[in-house]
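Written below as structure tokens is the structure these notes are about.
By written order: A, B, C and D. Residues from 1 in each chain.
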Amino acid sequence: MIKVGVVGGTGYTGVELLRLLALHPQVSLTAITSRGEAGLPVADMFPSLRKRVDLRFVAPQDAALDECDVVFFATPNGIAMKQAAELVATGVRVIDLAADFRIRDVAEWQKWYGMEHAAPELVAEAVYGLPEVNREKIRSARVLANPGCYPTAVQLGFLPLIEAGVVDISHLVADAKSGVSGAGRKAEVHALFAEAADSFKAYGVPGHRHLPEIRQGLTRAAGTPVGLTFVPHLTPMIRGIHATLYGRLNGDVDLQALFEKRYAGEPFVDVLPAGSHPETRSVRASNLCRIAVHRPQGGDVVVVLSVIDNLVKGAAGQAVQNMNIMFGCEETLGLDIVPVSP
Amino acid sequence: MIKVGVVGGTGYTGVELLRLLALHPQVSLTAITSRGEAGLPVADMFPSLRKRVDLRFVAPQDAALDECDVVFFATPNGIAMKQAAELVATGVRVIDLAADFRIRDVAEWQKWYGMEHAAPELVAEAVYGLPEVNREKIRSARVLANPGCYPTAVQLGFLPLIEAGVVDISHLVADAKSGVSGAGRKAEVHALFAEAADSFKAYGVPGHRHLPEIRQGLTRAAGTPVGLTFVPHLTPMIRGIHATLYGRLNGDVDLQALFEKRYAGEPFVDVLPAGSHPETRSVRASNLCRIAVHRPQGGDVVVVLSVIDNLVKGAAGQAVQNMNIMFGCEETLGLDIVPVSP
Amino acid sequence: MIKVGVVGGTGYTGVELLRLLALHPQVSLTAITSRGEAGLPVADMFPSLRKRVDLRFVAPQDAALDECDVVFFATPNGIAMKQAAELVATGVRVIDLAADFRIRDVAEWQKWYGMEHAAPELVAEAVYGLPEVNREKIRSARVLANPGCYPTAVQLGFLPLIEAGVVDISHLVADAKSGVSGAGRKAEVHALFAEAADSFKAYGVPGHRHLPEIRQGLTRAAGTPVGLTFVPHLTPMIRGIHATLYGRLNGDVDLQALFEKRYAGEPFVDVLPAGSHPETRSVRASNLCRIAVHRPQGGDVVVVLSVIDNLVKGAAGQAVQNMNIMFGCEETLGLDIVPVSP
Amino acid sequence: MIKVGVVGGTGYTGVELLRLLALHPQVSLTAITSRGEAGLPVADMFPSLRKRVDLRFVAPQDAALDECDVVFFATPNGIAMKQAAELVATGVRVIDLAADFRIRDVAEWQKWYGMEHAAPELVAEAVYGLPEVNREKIRSARVLANPGCYPTAVQLGFLPLIEAGVVDISHLVADAKSGVSGAGRKAEVHALFAEAADSFKAYGVPGHRHLPEIRQGLTRAAGTPVGLTFVPHLTPMIRGIHATLYGRLNGDVDLQALFEKRYAGEPFVDVLPAGSHPETRSVRASNLCRIAVHRPQGGDVVVVLSVIDNLVKGAAGQAVQNMNIMFGCEETLGLDIVPVSP
């Protein structure tokens, strides 16, 4: 059994992680911390976990996290970077679901996240946890940077094109749409039901924190800097990301075969038949990414449609997938979920 | 392994049944019929089932249903009653998710459902599949009438009060709210998104088909006819039923203790702590019924709040629960689901 | 022209009031106050008002409210009671959209609202602004208590029955469902999209502040205290209240004729044909209350369905209707809106 | 008074047209036809129109449409083209809200719409009713082709860039998102609430009928054929279109000034301040198009955000605007609506 601690269990990423861990046959959940809710039974805050998670939140200082095999940080940005070094030193592996270890260029990270990095030496060591790219490195990672939700959907959609060198990387466009749970479980007016329901908007057009993360991943794949326009949108649904990706093709290529070959054997990436339009609900509550690739009217533009559940493949599910890899479990363990549809 | 056939797999009850059966460790899914979609891979219609259900729909006449151990009918009303007798005669057990075998009074059934009953003799034999009431009879049932969605939520909420004789049974009120999936996957204007979203309405106030079913169940529990006003409402959500039940108390009683005792040991009924207000999302995608009981301002009126997922405990999940009982499996097998929330 | 001030213009009641006042041909909008947003153009906070409302929020102390003819308080409870006396003394009429002047029994008010009342003498003078009951008194009101949203829908539904004495007033049930905008534009977790969407729940079953207000209105109509069970529910829609009302009939009565006669000539109450089920969207954005009355299966229980838009007839629209009456305008002026559907 | 007939009043475009016409001070509504609903009071089908529209649907052959000044066709594609010639011959002006007269290249139209055109001679005469482009021609139009919903949002967003020649027209991208009412009031499974709610998907990526219409408009503005990739998406909201437009800039330009100048004086186009992100709800129920223009990180890509209400500026409202122009009314008459938000 893997002894697991969760730091920061009161957000959507946290409760989703607990949903998945509660049914994972190799996990022993030992501590869930919360600064504000210490003492409260977890299931009192999240009734969906009644009779599944019997723990109470504990104050961070009272949790024996150093006795865990792995600690997940489902915290705001800037927390994991302060605590990871101490844990790693005692042999505990760290999976950060926030952004602290995602950007290798510390100066760039500090610019986008507006704070000084507390553990730049760990950034260099940290492994970016996109299994479809980094599976081997993930196995031995001591600090794992779990990818962002948009970066997961966008990278999985663009990677086959970029790795094969068939697309003009100077002007990529990623038009991405997210459900409102992506905004987190914070009391903020813009995420109220009466603000976000029955309406649609873009946000962060001048610059969103996931832009440098995506750019880093695509640039790594291309071997040279990519030009990317990334526009996120808020969609009146709870879960789900739909990325619509545009690029100019360099020449003729069998796009369908390219994608199918790239993801053959991947347990959580499903390339749909030619002509498909994936719906976000077709992956709801599961760790799947479904992808369709189009070339409208046979022109020189490729359009990729990539959908994930932002809380699963875009956060907690991918974190569990990474844990499975890190601890030598079957990669799909605890993630054998049929999407909930309708 | 239980060899399972599904008749009518193209509705919401059908796809939900397939979601549950796909992960059931003791089930071998052998045939899924559809008159209109014969030949189509099931996963082409329901992409959420890709790589989970590899079967194609087969025409009813081409399905070797008589080789199954059990056949689920996820069909409109009036289908199962025509085919059940033949299956039962060959030793196949039948679970009808429609209403054909729910009402013991055939004349009453014919009045509400507007057709002649094709198998009145099976009605007498059929077992009403509410495990919390009929578990023993379910074990040996050859024809099982799976309860309706509203009847499940309303009966589980009222039963403790009626069985204990603490409520005036002459004037019960059940104000019930359902998600739109309860209307089925039929192309009808009233269930369009642009009709049902961001709006709320009652329907069927003059009389709804679930009224006689609920009345039958409560009357059985009371030992004498009950007076019930039942008003269903359409709610702009996909899944979920919330029943708000009202009754006048006959005297003083510890309501919380009464409910907790009644459902002690029940794997799928969760009596919440006093003062609770269950949300439908707290049972989403699971087979649970969560119940809270209130006595506002200490008066003589009891208010029970009862929530289920209409497609699970209100349909496919309860059908699988019944199958587990009928075939001697652990009752929770394949239903060990943590609700999906948010 | 009526010179109008609005105190507290940053909530949903406030922005809806501004939507209505912006098109009112007899209104000159002179000041909109906000403690927190002073200096900000109103249309920067509410882009829907761009080019319609050119004012900026002003700090309360800087607004020349005493030069207005009428001041609307779209504030939290407890604000209007502190400022009304001074305004009234200078001849300014006050319309409070909060609850400060709704309950005539000050002790009762203090119990439910958890604060001491700052102007009990004005409570005695204040007129309860339900035009269908109090039209004459409203004309000359100096302080007008605009009714709550639930109380409007519930009272309009029950009044014909109670005034005619045809219903058992000892055990009335009001099962009411509200859109999430009823919770206000406050940053609170329970009203987040990802909390409230695709789910349904009751709340406040042990006691809700609108209970004493409804009870007061029904008791006044009955001439003797009524027994009422009131259960509000949160519905995943932005606007709308649907009240489902239950009562036991004392004898035979033509319910349809009773309701039609009671509301003949009322510009904003629409009694639907027998057998109808009003949808909340059929009144969306309008000041209408639509009502249907049923007697299921010809029994002794009456079911009334009453729908309003909680922000219009349940708040800002009714306030404008009251202003029209107070200032001798045609009652429908500025409220001549066709509901927005779909 | 303008005598108005409406052919095909049972869809969403129809009911929205009736909402607007009901309050138009210069309109006398004389006939609303429906093949299937002849004899039914319009308000029985659309309760939101009770006491506003007193007409009954009449069979097309029984409507004295030739006595009207103008007839709106709110019909499926292929109807207006069969009836327009006869009406025009008798001096009745025709406004077609469907696509029959939008594409000047009849062969192209026939390819995309899959039928033979019944009145190619009228296509040549018809005026494309985008007032921001064609105001003068609209005044005297006998046959007016009311633009499609996507084409309105996309063209208004791209036009300033193309007319000014500041964007590379060979590779424009229009990523557009529509509410579900855009699918019409047809009983089809894909538009059911339980299919479309809480999910998001692209559709028509290989080719959508609005593509040639948009391309025609942009090509006219450019004076040379444009290259356009157009991807529409279905969004879980009732009304609204959000178009996110991407283009590569040819050089340096003050985008904000360009847009503000282009739309100065336009009553229904609102260019938002630099840095804005318009929400669809900010135009809900109104005839407005709100636009924001961005240049992320000061690069060479321009991003335009353009929102409309698909049923108003994208259909019925623009049709009324066109009628106002055609009949010499003030352009905003009957369209003086403050958006409904929240």
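The rule we apply is simple: a contact is a pair of C-beta atoms (placed from the backbone, for glycine too) under 8 Å apart; a residue touches a chain by one contact, two chains touch by 3 or more.
All figures in this text were calculated on a predicted structure; none of them were measured in a lab.
When every chain is reduced to the mean of its CA atoms, the largest separation from chain C belongs to A.
Look at the contact of chain B with chain C and you find the same residues on each copy: over half of the numbers used there are shared.
More C-beta pairs in contact connect the chains of C-D than those of the other pair, out of B-D and C-D. Note: centroid distance chain B to chain D, computed from Cα atoms, is 45 Å. Rounded to whole angstrom, the centroid-to-centroid distance between chain B and chain C, based on C-alpha atoms, equals 39 Å. In whole angstrom, the spacing between the mean C-alpha positions of chain C and chain D is 36. In chain D, 12, 179, 181, 194-195, 197-198, 236-239, 278-279, 281, 284, 342 are the positions where the chain touches two or more neighbouring chains simultaneously.
Note for the complex: chain D touches chain B at residues 12, 179-181, 183, 185-189, 191-198, 236-238.
Put simply, chain A touches chain D in their complex at residues 171, 173, 175, 177, 179, 194-195, 197-203, 205-207, 227, 229-231, 233, 235-240, 242, 244, 246, 248, 275, 277-281, 284, 294, 296-297, 299, 301, 303, 305, 307, 342. Remark: chain D residues 12, 15, 19, 22-23, 46-52, 181, 197-198, 238-239, 270, 272, 276, 278-279, 281-285, 290, 311, 336, 338-342 touch chain C in the complex.
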